[in-house]
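Chain IDs A, B, C and D follow the sequence of writing; residue 1 opens each chain.
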Amino acid sequence: MEIKLQNLTKVFQAKDKTETIAVNSLDITIPAGKLIGLLGPSGCGKSTTLYMIAGLLKPTEGKIFFGDEDVTEKAPEDRGIGLVFQNYALYPHMTVRQNIMFPLENLKVPKAEAMVRAQEMADLVGIGELMDRKPKQLSGGQQQRVAIARALVKKPRVLLLDEPLSNLDARLRLQTREEIKRIQRETGITTIFVTHDQEEAMSISDEIVLMEVGFKRQVGIPQDVYDMPENLFSAKFLGTPPINLFEGSIKEGKVTLFGGVIEKTKAKDIESCWIGIRPEGFLVDKEGPLELHIDMVETIGRDTSLVIKDEKNNTRSFRVIVDSSNRILPGDKVKFSVKPSKLFLFDKVTGEKLG
Amino acid sequence: MLEEKNNLKAWLYLSPALVLLAVFTFYPLFNAFYLVFLKDFNYLLREFDGYTLLGNFSYVVRNPNFKQAMINTFFIVFVSVPVSVMIALFVSVALNSIKKLQGFFQTIYFLPYVTNAIAVGMAFAFIFHQDYGLINTFLGWFNVNPINWVGTGASWGNAMFSLLVYTIWGGLAFKIMIFLSGLQSIDKQYYDAARVDSTPRRRVFTKITVPLLSPMILYIVITSFIGAFKAYATVVGMFGVGLGPAGNPKSMITMVALVYDALEHTGSIGAISEAAAASIILFSITLLFTIIQMWVSKKRVHY
Amino acid sequence: MKKLLVFMLSLSLVLTLSGCYSKTGETETEGVVVLAELPDEEINITFWHIYGQGKSELLDALIAEFEEMYPNITVESISQGSYTDLKSKAISSISAGNTPDLLVGYPDHFAEYLNGNAIIPLDLFINDETWGVDLTDFIDSYVEENSQYEGGVMYSMPYSKSTEMMVYNKTVFDHYGITLSNTEPVTWEELETYATQIVGDGEFQCDYLVNYDSSANLFINASRQWDGQYTNTAGEVLVDDANTVSMLNYMSGLFDSKTLALPIAWDESYGSANFLKGDVCMTIGSTAGIAYNIPLPGNVGKFGQFEVGIAPIPQKEGGVNSVMQQGPNIAIMSDTTDAERLASWLLIKHLTSAEATAQWAIDTGYLPVRYSGYESAEYQAFLDTANYDPDWKYQSMTANAAYAQVDFFQYDPAFANRVTSSDVRDEAGLALEAIFAKTKTVQEAIANMIAQLVW
Amino acid sequence: MENSIKIDKVSRRNKIIAKVFVYFFLVLFAVIILIPFYWMVLTSVKSMQDLTVTPPILFLPFDRWRLDNFQSALNAAPYLIFMRNTVIVSFLSTVGTIFTTIFAAFAFSRLNFKGRDTLFMILLSSMMIPGEMFVITNFITVSDLGWLGSNNVSQTYGDALKALSLPFMTSIFYIFFLRQTFRQIPNELYYAAKVDGTSDFKYLWRIMVPIAKPTIITIIILNAMGTWNAYIWPNLVTDNVNFRLVTNGLRTAYNQLSGQVIYNEQMAAALIVTLPLLIVFFLLKKYIMRGVSRSGIKG
């Protein structure tokens, strides 16, 4: 089931009539059978978008298509969606079985069949043994699986997950992430996954949609978005440690940083622009154009992380990750060159990629 | 959808309650607002002699007991409500903190609710008795001379103190029951978290229990205020229809007593309008305080 | 809030327009028609009273007798529990137009019902040739009480009347060689002299000489004995009167000398418990409450199971002899058909017949309402001091004391303006209590009483 | 190391002291609460003489217990009939109250509609008028509805039941109470149910009502208690003694003519009448105490 959002806009009106645009003219097409991560910092409109797709919020403008069908005006229950909440929203007074069977009840599925389907779904998510427990007797991870089973049991056309992992501890999060991926593959259901955690989104999604203040910033396969950020926001939001940003300039096709020409570009000349270099984009190179003063050195396994003071602004420092075979000590002065694929130029005003 | 106004549906859900309320609550209420403007209303014949804007109100205000009724009512409201809410809160929290005997204590605390009012009155007469009452016996251990709490010729202060004790006692069972059911639904993990942070007990109480219980506290405070403004049965229970200790009758009179006084002779010309006027004065005062409370609570109550 | 106001205003407007109330001046008093013959049709009448289990069984027996006499009349007798409940229910039922056919009540109740013309004058029935009764056979003061309303009309008939009597600790009195008559009243002044002997904490002494249960009765009746003013039928409060004040001053003196006490002396509403305990040697209360003043075997108190004597209540030497008459009367409601009225009247006539009133009096401790009731063989046997039925000894003594006071019976005027006669009564009682408790002087008590009633 | 053991010991001791203190406080409070109830039981088994002794008897030896007070109390009024009536009226008014209250509280807590806050304030404000003011008008209403019978037709049992229970089939007090509870249920549950195609009606009954069960049970108990203690209204609207409720029996049976009350028998009757309430409370108590698990749903 392909999902298409057309010019989707949501404006919230507060009691004092001030308006907030939570989602701004969003146009996205989500291919059938894929797992899409809706990624962005909190307040970017990702949850609002999800709720509009679910039908829990009504768009101010724009349309939502499931395949060729316009579902904009449809009630949530008629859209054929499954929704998993951040807090799981399990009914506390019902057992796991009753929770999973609840949506089937609404569809008037005969009880015997509903039992079978609930059990199948519980087995699929790996909680088949816990059917007679109440939610409070389950761990967070188990509750989470119940929530997924409940969302999937009615065989929805679309599965929507709202920050499903944020209440789990780190180890469980990793495990559940893979579990969700597996379940999605096995069911082949079009899935939208809202998260503010880039690592989570990158690792799980077939494609990510990056959002900021109600705008779509970039859509694509996670590695593509990482490798080819279309704007400053994309570049900044993805990657740990985050991308290093420097103020620099372009003159006659040459990118200059700290006085050294680090790269050639086809971009037009500009007085001042953002130069973004991923931490792993630096190469120790005796011939390199950049000579930097090393402040701190942390060696973690195969990588060495270098902390370097910004020459222009002493209060700021940035990170460089190099292979640990390079023996570098604090206080050293080291020369670097920059990998062209890890260097990005952005307009200072619009944030758009240059060149 | 969610944020949409469900006007029709909402009214449909409200209709069973509203129909009954319209007939048995709003109609009498607005009837009272109508009766208060009738001059010389004869309830028996349902006749009246023209209209009067303030005549019935002025009759109530001129009542020689009006001032005392106001003073007493305010005293009862502003002492008994805070004190009983506090006690009930502490008792419920203490009760909620134990495991053993919790149900046993809960049952005991509920008993006043099913105890016959006359028995309560008799027991309090015994508790406050000047010669052999519990309180004076207790004070006797500290060489305090017997105090005439509610007996013949008892002073206003002593009588009011006794009345307040009685009033507070009478309201505790209900409050504890409500608070306890509220406390039971607070997630234990908040307390676990607090323990991990080694939060002192008092801070747990003020920073976790009270905020999380705030909807129930608001409920209790508002309904108790309304109830306390209507204090009357407690006065009759303690002092009889004389509304005060013998020799000082009516010294414990309350606003509602003015209403009841007028209603004793509903067959007398104008008595109902007088009762309506007293009710409306009381109503206006209570409404004012409730609005203030709701307004203040908007900032304090956490849902 | 604005919306709330608009809502309220519009609703009250609707109520006004719906016209459920009318302006004064549209009622017409129905003429009372006495049917010459009792119709053959089934007649159901409803009778409201306040009697609990025991007395209502006696009443039901009398009613059964009546139903046998008039087979087409069915009487539904309903107890409303207490006079307060009966009255408030009657008022509501009058307003709603859903009244019983006849009911018992005090004169001030009837005065209130008369504000709605809700009870009918009975004169035509009383004087009817077929159905009438001889009014001169009824105790005069009862007839006066029931005809005190505007125009001297009889709006009700006396029914369960009682009065006050004085019970005393005969064991103590015998000790001092004082003999009190069962039928001759003592004077207040005599009581004062007894007090000098009896009041104290010795073996044959009490803390107080006499307790008066009803402070209101004391106020009202004593002011009459002192020839003082109290109220009048117009509802004026006249207690600021030289004789009334001097009565109060006298009573204040009795309080000081511990000759007289009110139950509030022991934080009680009635003095019987303290009489039994021996805190007080005499007590004045309703004739209907005699049973509470008789010590039972094993009585815990200073005097154990002492002997009891009964006497009329004290009078003022050289004053006006006066005794409170109390107890309910019975009236017919106006919202009734002629047939129902006649049936109701016949029931009243039956309940107040010489035999019925005598029997009722013997069984309940009330007093007969007719002279012929007193004179009936049954009642005379009951009064016969020579042949006491031991089980009825005290009831019989009570009746004798009461009978001796018949000529002194007085009632206080009933009215139901904004201030009703029962309000004045309550305030009178409270005033006397305040004097007793020494929270107010006589002058202050009078001034406060007037302030509470006239505003 | 030693220090930490010491601290551990101290904190353990503090904990025990705190526990002891809590129990002491609860026991003390229980005693204070129990005095009137004890007094009621004691009075009910005293003989008339023991009753009037000064100073009052605090502990009555068993051999002086007068259990025949209970026998006399039962004979004083047709309590079995009153009990039956009370049970029926309690049941009707409680069922009615539960339904109207649940619906209204749902609308006030979950649905968004024009004038919601204003209406709620109007409801609250009507609680501020003394009840007697309502009684007078309501009597006329009920009479106009023909439920009191008329001068020629006596009231039927059905009419009496209507008059006794209908005015109490809803309560602003409980609507307010339940609304407070409903508002604590997190919105996510509602969204989850919506996505599953649950209607508002079903959500209310399948999700909100079970979660608010302790509150609803509390309302049931309070409401039944209200009927059990009702006096003025039942007395006013019933014309047949056989239609009345227990409290009417309690009040009328002991209102002797001289105004003196037989306290021991009255207390015995009161105890008899209270017993069913206590049983109901014992049975339902665990539902109040069980509370709601709130793990997985944060408000």
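For the reader, a short list of remarks on this structure follows.
One rule holds in what follows: contacts are C-beta pairs under 8 Å (C-beta built on N, C-alpha and C of every residue); 3 or more make two chains touch, one makes a residue touch a chain.
All figures in this text were calculated on a predicted structure; none of them were measured in a lab.
For chain pairs A-D and B-D, the one joined by more C-beta pairs in contact is B-D.
When chain centres are defined as mean Cα coordinates, A lies farthest from chain D. Per-chain CA centroids place chain A at a distance of 54 Å from chain D. Inter-chain centre distance (chain B to chain D, centres taken as mean C-alpha positions): 16 Å. Chain B and chain C have Cα centroids lying 37 Å from one another. Note: centroid distance chain A to chain C, computed from Cα atoms, is 91 Å. Residue positions of chain D with contacts to 2 or more other chains are 54, 121-122, 125, 136, 191, 194, 292, 294-295, 298.
Chain B has residues 2-4, 26, 31, 43, 263, 266, 291 in contact with two or more other chains.
Residues of chain C found to touch two or more other chains are 1, 88, 92, 95, 269. If you check the complex, the residues on chain B that touch chain C are 26, 30-31, 33-34, 38, 40-50, 62-65, 125, 129-130, 150-153, 240-242, 246-250, 263-271, 274, 291. The part of chain B that touches chain D in the complex is made up of residues 2-7, 9-11, 13-14, 16-18, 20-21, 23-29, 31-32, 43, 91, 94-95, 97-98, 101-103, 105-116, 118-120, 122-124, 126-127, 131-132, 134, 169, 172-174, 177-178, 180-181, 183-187, 189, 201, 215-216, 218-219, 222-223, 226, 229-230, 232, 256, 259-260, 263, 266, 272, 275-276, 279-280, 282-283, 286-287, 290-291, 294, 303.
Note for the complex: chain D touches chain A at residues 186, 188-189, 191-198, 202, 206-207, 210-211, 213, 292-298. Chain A meets chain D in the complex at residues 51, 54-56, 76-78, 81-83, 85-94, 102-103, 106-107, 134-136, 138, 143, 150-151, 154.
Within the complex formed with chain C, the residues of chain D that make contact are 48-49, 52-54, 75-77, 115, 118, 121-122, 125, 136, 139-140, 143-144, 148-152, 154, 235-236, 239-241, 248, 251-260.
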